[in-house]
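Let me begin by presenting the structure, written as structure tokens, before commenting on it.
As written, the chains take the letters A, B, C and D, and residue 1 is the first residue of each chain.
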Amino acid sequence: MWQALWTQIADLTLIVVLLRLMTPILLSALGGLISDIAGVINIGLEGLMLLSAFTSIAVGAATDSWVIGTIAGVAASVAMCYVMGFFSIKLKVDIIIAGFAVNIFGSGFTVFLMSKIYGLTGNYSPENLNPIPNVVIPGIQDIPVLGKLLSGHNLMVWISLIAVVFCFVLLYRTPYGVHLRSVGEAPAAAKSLGIPVGRVQYSALAWSGVFSGLAGAYMSMGMTSMFVKDMTAGTGFLALAVVLLGNRNPVGIFFGSLIFGLASAVTTIVQTTPGSQVPSQFIQMIPYVVTIVALVIFAVRKKRKLLTQAS
Amino acid sequence: MKTEKAIYLELAGIAFAIVIALLCGFAVILATSAEPFTALSSLIVDPVSNLFNIGTILNKAVPLIFTGLSLAVVFQSGVFSMGAEGQLYAGGFLGALVAVNIHGLPAWIHFPLILVCAMAGGALFAGIAGWLKAYWNANEVVTTLMLNFVAILATSYFVNNVFKDPASGGYARMPYISPDLLLKKPIPGFPAHTGFVLALLAVVVVYLLLYKTKVGYELRLVGKNSRFADYGGIHTNRVIISSIMIGGALAGLAGIVEILGVHGTYKDNFSAGLGFDGIIIALLARNHPVGVLIAALFYAYIQVGAQTMQVGSDMPREVAVIIQVMLVLLVSSQAIFAFLKQKYATRQKAVK
Amino acid sequence: MTILLEMKDIHKVYPNGTAANRGVDLTVYEGEIHALVGENGAGKSTLMKILFGLEAPTSGTIEYKGKPVSFKGPKDAIEQGMGMVHQHFMLAPSLSVSENIVLGEEPKKGPLSMFRDRATERRGIVKLIETYGLKVDPDARVETIPVGQKQRVEILKVLYRGARLIILDEPTAVLTPQETDELFASIKALVGQGYTIIFITHKLREVMEISNRVTVIKAGKTIATLNTKETNPEQISRLMVGREVLFRVEKQPAEPKEPVLSIRDLHSVDDKGAPALRGISLDIRAGEVVGIAGVEGNGQTELVEAITGLRRATSGSIRYLDKELVGKSVANIRAMKIGHVPEDRQTTGASLTSTIAENLILDHYRNPEFKRGPFLNKKKIKQFAKVMMEIFDVRAQNEEVLAGSLSGGNLQKVVIARELSKNPKLLIASQPTRGVDIGAIEFIHREIIKRRDGGAAVLLVSAELSEVMALSDRIAVIYEGEIVAVLDNTPELTEENIGYYMLGLGKKHREKEGAAQ
Amino acid sequence: KANNNTSPAPGGSANAPAGKKINAVFYVNGTLGDKGFFDSAQRGMVKAGKELGINVKSVEGGTNQADWAAGLESLVSSKKYDVVVVGTSQMIDIVKDIAARYPDEKFIFFDDVIEGMPNVYSMLYSQSEGSFLAGAFAALVTENTELKAANPDKVIGFVGGMDIPIINDFKAGYEQGAHYIDPGVKVVASYIGDFANAPKGKELALSQFNTQKADIVYQVAGGAGLGALEASKNVGKYSIGVDGNQNPLYPGNVLTSMAKNIDASVVRALGLYQQGTLAFGTNEVLGLKEGGIGLSKDDLYAKYVPKSIQDKMTDIENKLASGEIQVKSILK
């Protein structure tokens, strides 16, 4: 087991797997981040991803274009967010209830659509889908280490990394970002300066729709080429955990996703290594336990930092 | 006198919300069904049209009441735990172990022992998250979400490997619990089991605990203003841990009551999200125990309605679920209540 | 003088049914400082929120610059040149000072003006700060700066938006006298430049000092508008409260007895871990009031917290009667008949979302007297709360009302009632009258003296030097975590005398080795 | 080996009311599309509706096990349906209880055995037998030299939904089949943890292919397992589908599928019921011989599977059918 792990670290397979696994979590966590920062934490990431995963592959297959498919998936997810905003901001439904509702809806509605459109119930895998491409960098591709490190990843992997930078700039370098932060932290203050609190919150939800839409599209058209009922299988909740683990900022979230992705990648390797005596359930626990440990280490370090600053 | 009016207003608000919700649901039904009236009546009337369905509603409400109470307690102390699901497994598992593996005790000792062990299992498991929060400052949302996975996977391992009934076939379960330990169905032809009585009892106990005891006072105070509680000499950390553990005990009860009332033994993966439904119940109830009772019955009612609608009409499961979601959303709309209150207040003013 | 603003017959009913304004008239001239006074809960803030577009009036008209206006939101008011400094800070704590100031009107750059122009922003703010002499660090996060500076940020926010009519809702409630003086200087400068100011305060001294005219509101109605020069504090307070208010605290000379509290060489650190108390030694005896004077931030807060167990002492001792307090838990300390009125009633002194009764029993719920078997004795608690509300004149419908819906003065009375209800042998009162109306101030002062005369030891901490001088028998001056002087409060003692020590210019130790007379 | 070990139903009473259109309902103890065999049964219902001219309806009970007893009973007690189709071992106790209390209602039970109930007919598919075939097939593939993507390493993969007995029964059969061909074949088994997470199914299969040198993977993970099939296509290796014929999903990569022919058996049972000859009170184990299970041998199979393997498989199938090879199920 250790040897298998080591060889895969050495030949960079681990990194490749890590990047693949981390992308959907990173993207939807960024979505969760923006809504959380604006004080409308979005528990519905899971439902949004499902909605987008289905819409994007359906449209992508029909138009034979992953671009249009992805755009459609994102649009569906954003539209859902506006509905969620209507209920939570306008009708003052508790944002958590609204989020759970979106999850239930996303799971049910995608199956409903699938059966209405294709007469299928469980899964949909279009025959010649044109999926989100992998980016092969011509020059670098053949260089031993660098090639594997940089070339051949899915486009969405790069988009997710760019999204981290994008969110950072959005939150800290644009006026809108300051509005988002103020609305989440001190809505009365923002309101007193004429910032339309409701509208900013709508837009924050919409952003979470954009990112979970991208995550969903990646799951059905990048990681796989199919839609399977409930295929997100809890990714949205993990993303939520990553938002908090990452201390509510884009860079932290990047590292949070990295930790989680790494734990998942290691789990994959351990799970496929023959002769492991550890029961599968305990291996599957690894990412969750690692997350808790990371959280505790993080909290302790924060505390210690405060103390060392003092003396 | 004033509170009485407030209650009437609240009730009026609920009625109003339900009417709107039904109108919306009706619109969806009209759009998707060839037999809208049958569909509507099978959604609204069927669940209460016979004893069987009413009993089913009660049975469904029972675990929701427990998980709802569990989360109401935790939320009242200002902790946003999502961990009822895992605690339910942990508690149910321990309770079932005691039920299955201890023999020869008279039922009147054995049964309470099972409940106590289930509560202990839930509470101890919840205690991990409480301890992490209180002493390591680890965000409870993250820890409880992660610990849910840990509990589900660990119990799954044990029931599949260590405590499996060899006769359980394709899906692992423990050996069946002796019938005299199970919750009875006292009324012939009425499927409700006595777990509902336990749930009512729990509502009363939690109500008393929260609003009439020292512990409840401290717990709510910490939730409302922990700095004030600190200033008043309350050990906030201890209170937080105990509230999470009380919540865990209630979640454990949810698990064991479901096992003793419905499943007859511990089955792998038996909960299917009861702990998460509890979050919705607690929020709908604004964390009040009596509200939890009402919200759980309402939630169970519309869940059974979704099922009877599927049986009694041409509506597919998914549409039924969507209508169910709409009902929940509209009934929890604060804006509708505020609107009514304002109307009322301005009218009062005008009268003066 | 031209009329800038005219509000006529304003009514406001809040959604919960509270009638906060029931016919208020207010006329403000261009270029004046117009003071608005009234008891807690009279409806001042509500009126200003209506003016600023934050609340919609139930009825009434507003004319501004001769034209009727109706603002849909603060944005409209800001566009019309109004600015408001709110009673409670309206700041986002994790944002920087400059981010807070420019919020909503950020300088922009880049394609489609997408990005913040932080250079311009900084320059603008530095200039603003210089122009008005309101010193703050533009890059500091708001949560890290002291209250005085926060107030400056609030004013800078208003100035940044180029407001000509500035509403200041109790800006001095949390300021030290020095800060107040600085603020007044700025306000006067602003008026000199043609700005108009509406100024809400409970301190009539400030009204007299700075305003041109004053409007008195009582129970949601305008009682009178007077020229400041033609009136006096007595008249204003009579209009406000409806009776005579004594500005002097009536008290007999103290008859101090045995020491109740002896602090020796006490050290402690602040929240960031920096030393805050550096060897405090102080005695307080039964039957005397010892006032702590000092510029805020010199260790007052930490001293009070150390005594009450909320903060760990790094060394030294605090003896209370015969017991050592250092190392004891808050619960233990509170159980020893030590009352503590904390400086911030909103966050520490009360739970706003709990009922008055729940706030009142904070010490008593553990008491067997208030229990019945395993349960709290609801009837007893209710009765107790009723009695307390009666004695301390807490004005609310009943004891089930949420503390958060009380006005500042009434909330403070609840806190005082709770802390005095345990018959403390030692009462620690921090800013006991902050933001409280004159009627309530009179009442609270009288209660404190009553306790002293009953044999309690009182430690008073107040940013209000006049309050310290009015109540204390001895005054300990704190500077950078040390007691630099302990002065007897004789009639000869002046504010200047104390100020000398407060600024750290001299030391006068009397209690170093327990040599308290 | 149809072991009609229970005495025949008393008087064959169990039959359709003549002249009236039959109402049949399928109670899904889960949701459709969750695991392949519900869909397969559902296909059977639809087909029966069309071909036999009976009224069919499906009701999904949802994934909460606690709902199933009440859900099924509400169908039965409504008296709207002549016959109820229901399956999986999770429903055995519930069906037994309800069948006893509603002796006039008829039940067709699939995927496990219910004995001793005069109004229940049950059909069990020998999944271990089918998986034995899959295992033998995989072992033949990994050692094959004609198939381009087969490597010399004797490693085959198994991707399961969850580490639970029903899935492990597939795994046990698979291992027996592989070792029947060559005891030296190594079986790498991984579990996804649910039946929905297709990306994870894919990731596990990829890892088995890429780093464990497996060249063929057998998926038993419902929807999640489709990811494993896709992985075989992405890396140009092979896979074996499950539950129905999944060969057309990735032709040339999904070489065959272990199909449980629930649909056909449901149609058959309903047809017999319509004719009045379904033997309630009995049960049948539908193995290879009875057509209950088997490898999908369609055109794609003929096209992509080397002749040598095809022949060998036919040989093994014969031995299984004749009872020469006995497969041990871990469930019995």
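A few comments on the model shown:
Simple rule for what comes next: contacts are C-beta pairs under 8 Å (C-beta built on N, C-alpha and C of every residue); 3 or more make two chains touch, one makes a residue touch a chain.
Just so we're clear, the structure is a prediction, and the values are computed from it rather than from any experiment.
Number of steps on the shortest path from chain A to chain D, with steps defined by chain touch: 1. Taking A-B and B-C together, the pair of chains sharing more C-beta contacts is A-B.
Rounded to whole angstrom units, the spacing between the C-alpha centres of chain A and chain B is 29. The mean-CA centres of chain B and chain C are about 44 angstrom from one another, to the nearest whole unit. Chain centres here are Cα means. That of chain C falls 75 Å from that of chain D.
The centroid of the Cα atoms in chain A and the matching centroid in chain C are 46 Å apart. Multi-chain contact residues of chain B, defined as those touching 2 or more other chains: 153, 156-157, 160, 317, 338.
Each of residues 111, 279, 281, 284 in chain A touches at least two other chains. Listed by label, the pairs of touching chains are A-B, A-C, A-D, B-C, B-D. Every residue of chain D that touches chain A in the complex is listed here, in rising order: 31-34, 36, 39, 42, 157, 163, 186-191, 193-194, 196-200, 202-204, 206-208, 210-212, 222-224, 226-227, 230, 249.
Chain B meets chain D in the complex at residues 52-53, 56, 59-60, 63, 153, 156-157, 160, 164, 168-172, 191, 258, 262-264, 267-274, 307-308, 310-312, 317.
Across the complex, chain A meets chain C through its residues 169, 173-175, 178-179, 181-182, 185-186, 188-196, 306-307, 309-311. The part of chain B that touches chain A in the complex is made up of residues 132, 136-139, 141-143, 145-147, 149-150, 153-154, 156-157, 160-161, 276, 279-280, 283-284, 316-319, 321-322, 324-325, 328-330, 332-336, 338.
Note for the complex: chain D touches chain B at residues 31, 59-67, 69-71, 73-75, 77-78, 88-90, 92-93, 112, 162-166, 169, 193, 331.
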